[in-house]
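The structures come next, written out as structure tokens.
Each of the next two complexes has subunit A plus one other chain: subunit B in the first, subunit C in the second.
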Partner chain A sequence: MATPLPTPGVGRTPEPPDAGGACASCALAPEATRLARLGLDPGRYSHVVALAGNPNTGKSTVFNALTGLRQHVGNWAGKTVARAEGGFSYGGVGYRIVDLPGTYSLLSASADEDVARDVLLFGRPDVTVVVVDATRLERNLPLVLQVRQITGRVVVALNLVDEARRHGITVDVRHLARELGVPVVATAARRGEGLPDLLAAIEQVATTDDPPPPLRLVHRDPELERAVATLADQVAARFPTLPNTRWVALRLLEGDPGIEAAVRDGSLGDLAAPPPGTVEAAG
Partner chain B sequence: MSTDLLEEAARLRRGLPDDVGDRIVESLYTDATRLAETSVDRDGAASRLTVDRALDRVLTHRVWGFLAMGVLFFGVFWFTIAGAAVPSDLLYVLLVENGHAWLRDGFAAVGAPWWVTGLLVDGVYLATAWVIAVMLPPMAIFFPLFTLLEDFGYLPRVAFNLDRLFARAGAHGKQSLTMMMGYGCNAAGVTATRIIDSRRERLIAIITNNFSICNGRWPTLILMGTIFVGAVVPPALAGLVAAGAVIAVVILGIGVTLAVSWALSRTVLRGESSVYSLELPPYRPPRVLRTLWTSIIDRTFKVLRRAVVMAAPAGAVIWLVGNVHLGDASVAGHLVTALGPLGWVMGLNGVILLAYLVAVPANEIIIPTIVMLTLTLGAPVAGAAPGVMLDLGDDAQIGTVLVTTGGWTLLTAVNLMIFTLLHHPCSTTVLTIWHETRSVRWTTVATLLPLGLGFVVCASVAGVVRLLGA
Partner chain C sequence: MTLDELPRGDRAVVTALDIRGGARRRLMDLGLLPGSAVHAEMTSPLGDPTAYEIRGALVVLRREQARAVHVEPEGR
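This part shows the complex of A and B:
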């Protein structure tokens, strides 16, 4: 059984973009012919892909490149406030892709962060693609680390590498991938650069039976670290199959109302089941 | 059992310092910084980034920033006004003059009853043709230009410049971003206020979004500016003065936004101002062809389609109220007479107010509605059959008709420009406001507050002008 993504407390964008056909102008490499853009109609899909990222990192451009949709892309933060959905087929397998609002964190300070966090935590996508801006990595990594604390099913799209190159910035992709424990793909989505690699990485993470465990960040503050460890043990005892106990423990220490509610009504326990994986579901 | 976990969390939290949330975030950012430092090699980065910095030094400067903002927007409007004249004339000749005549002839040839011809050709077709001729050329120029500025990365700089002003008005700095959205479409602007986390500041942003002139209202302003304000100066300066008049209304809108935000945050929506960080994106060379394509498809045609969909039934309504007679006058005649005194007080007239009633669903059709009502009701003009709209060649003729038949003055045009800024949001926006706030009270406030302001400002302007003129 596939778990449908929950609908958070906001609606869709008032005007859904017109469904477009294949994008003729995108310069995709030949191997990407395995890609079929399904626009707004994902049809039957096997995997759910969530697209997260800071505002203005080219998230919507990646979304458009994958789905063939032409959502308006703006060069400013906060363009996409609601989530948009679309679909594509890669290697004959259907993917549904959810474009989350751009956020700097998942700490649930505003409605858009709530949407992003709820989809990642409760929607349990098969793959979360975090789009980051290669020219300002230090400002993008906090979100990547937070997503990695929740799940190991992550692909990092190091976007805007063309701009980084122009500015003389080089990012060590292999080092980053090693540190994060997940695939990191350099892309320039505006030109279609790196999209074949990104698709391959998405496929690999979506189909693996053995994703890396959620990232464990050790806090230098011994007091805090002790509290987190204690509480994480208790969370693990209460929800034995929950993978991201430390992240949940952190949120509970902060008094995050959304997570507290999920503990109270037991819905956090539902997250313990293995993710939907490769089960076929109707769109 | 699950509550045990919460109690344990609460117990542990009590053992920790109060700023545990901050410490967690701090620890996260420390890790992020370390990871970024070991992964990024910024060879030569400093030298290349200075272009961005130099641009920002000017465009976000306390003085030069505002000056650059004025010059850029002025340029956009001037280009729109100057560039739209010729294609607008062509569309008039094609759709309104010839198209209308051909259709009338065609209907006459097949022997259609007079009222069918009236309703469909003089009502539905003419209103639709009008909307296209009035709106398409300026939109096809304005939207791509605006989108190019947006893609270049300029809009966040505008937000940055205005941020200080918003902070002083007790509003959230991100309101400047939602305001920018509102310049496209107020419904979209209201939805965009979701990026504001505090409910208080979000309500302020929602209520004031209507003071950003939306797609539907730009054509009215541009047309009024062109045919009335621009006409009082020598032709060589007309374009510049017309653009200046439009800019003046935009600035008035920003002023009203700040004033209303200030008033709300000191009365019914009191509270702390939130702190936030506004990221200035790098300047990116806009991809011109793609921008032209998306702005014409996404914006121009979408807005035009909406206008046409609204104009067709409105055309039928206009024809009906103009031709269905109750007693000695048409329905429109009665309504205009009834609204006349109120219109006079506001320096407008009954026709304009009736047009705003007909055009509640969409601001786009205000000007065509006004002109059609004026012609339907006005004293017979040579060449016009009763109840049939005169075919007008160009913008100047619209002006002539409004002046001679409608009795318009410069005051009417200026007050219409003010009322275009200050009136109730369109029905789509009102629905969106209700959807976002789920509050009948705030939706009502957001709807009636601008209308009330519009009445007060228009009546004041009319009063002052009449006092000085008398």
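This part shows the complex of A and C:
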């Protein structure tokens, strides 16, 4: 961990990167031996990273910075949202990275949110990076909590900290990390700021054998709690290896049609099938 | 009163959402929860829809949607 981290060469960096020696004109800083961006061909990878976040949090900028791609993700209602994928290698290990459409929630019924939810649930990424807007943290935290209810393998990229700074906003990163139980890294992706720390956090979460458990929502209403528990038991009986039975039970109680269909046709069982790290071969 | 009755330029605090299912979820995802501060920012020429400032973002609601949001007007 003490080895100097690279400053990833982020396209045309307006000001010289603070870590010395990174060459502004070449895409890859010469000493950036730990980070090699692989563009569209992820090649062999060991870990799958999903990028989630509200719209306009700079998610795609983070994606581009990590992969060296220049993809522009449009985000408008009704668009069939293809998830963008790329890859990078860090510390000699290959990572495949999936850029999810921007969403406020994993629970509403829009195509974007379905894509995001399905990747998180069924794709079971090794790490989910939730990119949040430091200037509008309050709006962004619900999605973080929803992701945390699905998995503990989460890194929060507190992005746009440069803009927040300009607005006089400081975020207590350590406190936030403690509250969420997962690493929080301050970034300004368009300037490359914080990316080395983000990569280190991704590596740490990807390789840990002991991720924090998913957040468990406790309801004060005993009847609801009983209904969730009963239904969760039934879901567990039908899909014995499913990790998120309570989450699924809650969605069923809400009448989520996507989850209902997945229970009915049994595809929910796929959730438990692939062990982390071997999710569908590339291509 | 409900949010659709909030005069332009006025502020209010959400007290309840009188709506169920996906539509309720959506409003909550957009930051409209009991306790949220709302500011009626601008109205389209025909009076519908209206743009509200909610938790640092502008959210545009149709009248029927706004009618489902109960609010307590501020400072009067």
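Here is the rule we go by: the second predicted complex is superposed on the first by the 220 of 283 C-alpha atoms of A that agree within 3 Å, B and C clash if a C-alpha of one lies under 4 Å from a C-alpha of the other, contacts with A are read in each partner's own complex, and residues count from 1 in each chain.
In the analysis below, a contact is a pair of C-beta atoms (placed from the backbone, for glycine too) under 8 Å apart; a residue touches a chain by one contact, two chains touch by 3 or more.
Computed from a predicted structure; not experimentally measured.
Once chain A of one complex is fitted onto chain A of the other, the partner contacts of A:135 extend to both subunit B and subunit C. Contacts of A:253 after superposition: subunit B is touched, whereas subunit C is not reached. Of the two partner chains placed by the overlay, only subunit B lies in contact with A:55; subunit C stays clear of it.
Using the contact criterion defined above for the overlaid structures, shared-chain residue A:145 touches subunit B, although it does not reach subunit C.
Looking at the shared chain after the overlay, A:217 reaches subunit B, while subunit C stays out of its contact range.
Look at A:263: by the touch rule set out above, it reaches subunit B but stays clear of subunit C. With both structures placed on the common chain, the touch criterion links A:238 to subunit B but leaves subunit C unconnected. Among subunit B and subunit C, the chain that touches a larger number of residues in subunit A is B. Comparing the two interfaces of subunit A, the one with subunit B and the one with subunit C have residues 105, 107, 109, 135, 138-139, 142, 254-255 in common.
Looking at the complex, you find that subunit C touches subunit A at residues 21-22, 25-26, 29-31, 55-57. Those residues of subunit A that touch subunit B in the shared complex are 10-11, 13-15, 17-18, 25, 54-56, 70, 72-78, 81-82, 101, 105, 107, 109-112, 135, 137-139, 141-142, 144-146, 163, 166-172, 175-176, 179-180, 190, 217, 219-221, 223-224, 227, 230-231, 234-235, 238, 249-250, 252-255, 260, 263-264, 266.
The touching residues of subunit B, counted against subunit A in their complex, run 1-6, 8-10, 12-13, 15-17, 20-21, 23-25, 27-33, 35-45, 47-49, 150-153, 155-156, 159, 174, 177-178, 180, 187-188, 191-192, 194-197, 278-279, 281-282, 284, 287, 290, 294, 297-298, 302, 428, 432, 435. On subunit A, the positions that touch subunit C within their shared complex are 104-105, 107-109, 135-136, 138-139, 142, 254-255.
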